[in-house]
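A, B and C label the chains in the order they appear, each numbered from 1.
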């Protein structure tokens, strides 16, 4: 995985994002930070055309509505038709019937390359029902060292069932295809105090897999490590009086400066 | 009011926000900064279900439209049915007939715990008509030391009429129920140069009252003091070349570090 | 152009923005930074009323949809009826048929004072068709020293045809009416790594032309210089570990402190 970021910066993939209005600005800036280029467009009359001029598509169901769900489906189908890489971030699946159903129907209609969510969202999709505490993972579900081997098995079976890479993020992150799972221990607890670090990771990951289509699993792992490592570096730059407002900028700044060498050194990965 | 922030950080209330797309990211981050957890959802098909898994609801009519107004009403009624705390921020009431009418009809249909706005917005609601200079308070209306006693009486009567706590913010802030009014002199004029400090205060206040349902007046006062004091602290950290862009982050940072002790010491409150 | 910023700070024009949800917060903060006041409202039932209480209107078609396009037209016509200054930012014209058609029909129905876009967007409008690489300018189109005289001629002819000031921004910026064109060489390449610097410039420019209605060409030039110079100043304040996240704030900060004197000294303008 030693040229993954370099490939992003060299190819400058154009990433179409249909995402929520809460964290959209940070998603755009982190995509720019890693060397790719973002475009946001969610009207049904242009979703297919916009995705056609792009290289990858990031679908995020936070603040979904009837209009944007329709655009997600149109864009997702067109993108796969054109051989683009497509990622799903099922924000809040389990928090409402609308979100659970939307995530499930998107998965049914579009062959996603990667599904990235927290453990509650991914379990909801897996069970085809569920409840989550808002948009954050339920504590009871958290991946820990105690349930790691069973969580790894779950990640692989999810990936197998949905023919995709599964990226399940939390204190310990898991990235798996049907046969291999990586557990990643980068990151900092304070990242949970910045809104949308998950959405940002999804944008970043779409850029990484789009610039590295022949190694999607490795690119997804690199994206998770980049985000986590950026959280660690950002924390080291925090002044005593700085809080989550400044931390948010430091994270994007750290992605801006990230190199494959830094990633190689800083990644905390275990293979299963 | 010496455990109000502590209660927020201990209970971590989940706050449902139906708010405008201009300042939504800062609202989410300030809710996280104070120790609560935000969720944004404005589709009519999920508004009631999302609010049901939350503890409090923040309704803000900036960038309202037909779709979101309907969701506000559904969520507001459901939240009150469940005994949740609900706050209204009537952004721009008086600036357009749509906003004035929407604020009035929300107040008619939902028994809000707190209404927070600037003096022009609150006067518009009180008179059931009005004009404001955009989303900022009209200078002629400003609460000053010269009209303070009459403003205090107005705040109490508004609270009485609408069976709520009235939080009227400006250079001097007033927070009142039908019998008691607090005048608060925290804050810094430069806060007016950051978009959405009012929206942020509404998010913060919803978190504070939700974690302190038995002392809503005191919690609303504490929220106003926290925001004002954060503005003062943030200003003290500004470097010579920094402006409103950095100030915005410093304010959220200061809320992140705020404690009940700091608040106790820094609050400038007068009781009427 | 030596009192242009001073006029903004003295008159504090209220600027109505119908703009995209990606960069709207930065647009609001940069309008505040330069001394004006922003209001965002995009519902068709209030678009005309809101624009009536304002002094200028900024229409930006990023993340357009059927609902907001209708509001743009209502607001644009009402604003011109009232003699307000109106600016069009045709974000992504050429990237989709919807955007190209929308830009063209807005131009047909509303006599804009200024059209501000990158060279690909402006050429798309000029040819009434086109393709762009997302929301960024196509490299082949870029204004360079080699094609400068022909680009100047294009800018003047665009301005003449559309009875407006044309502001075409890129590495070299051109601002022209039918007879005069200014080429501006301020700015820093890193500005392309911050999402929405173009949208921010459009907001800033609307404030500048609204406060200086008798010298729209000069005010548009001053806005371009202010933004570019802010990018240069912001870059000089970047710490080694800071990236595009912090740079974004430094740019707004630099606008906050900008004076006509600083602009006079720092502007790199050539007249054609």
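We adopt the following convention: contacts are C-beta pairs under 8 Å (C-beta built on N, C-alpha and C of every residue); 3 or more make two chains touch, one makes a residue touch a chain.
In this text the structure is predicted, and so the values were computed from the model without any measurement.
Rotation angle relating subunit A to subunit C: 120°, from a CA superposition, given to the nearest 5. Residue numbering shows that subunit A and subunit B use the same positions for less than half of their mutual interface.
Spacing of subunit A relative to subunit B, judged by their CA centroids, is 33 angstrom.
Of all residues in subunit C, those touching 2 or more other chains are 21, 25, 248-249, listed in ascending order. On the subunit B side of its complex with subunit A, the touching residues are 14, 21, 24-25, 28-29, 32-33, 37-43, 45-46, 49-50, 53-54, 67, 233, 237, 248-257. On subunit B, the positions that touch subunit C within their shared complex are 20-23, 25-26, 62-66, 92, 95-99, 131, 133-136, 193-196, 241-246, 248-249.
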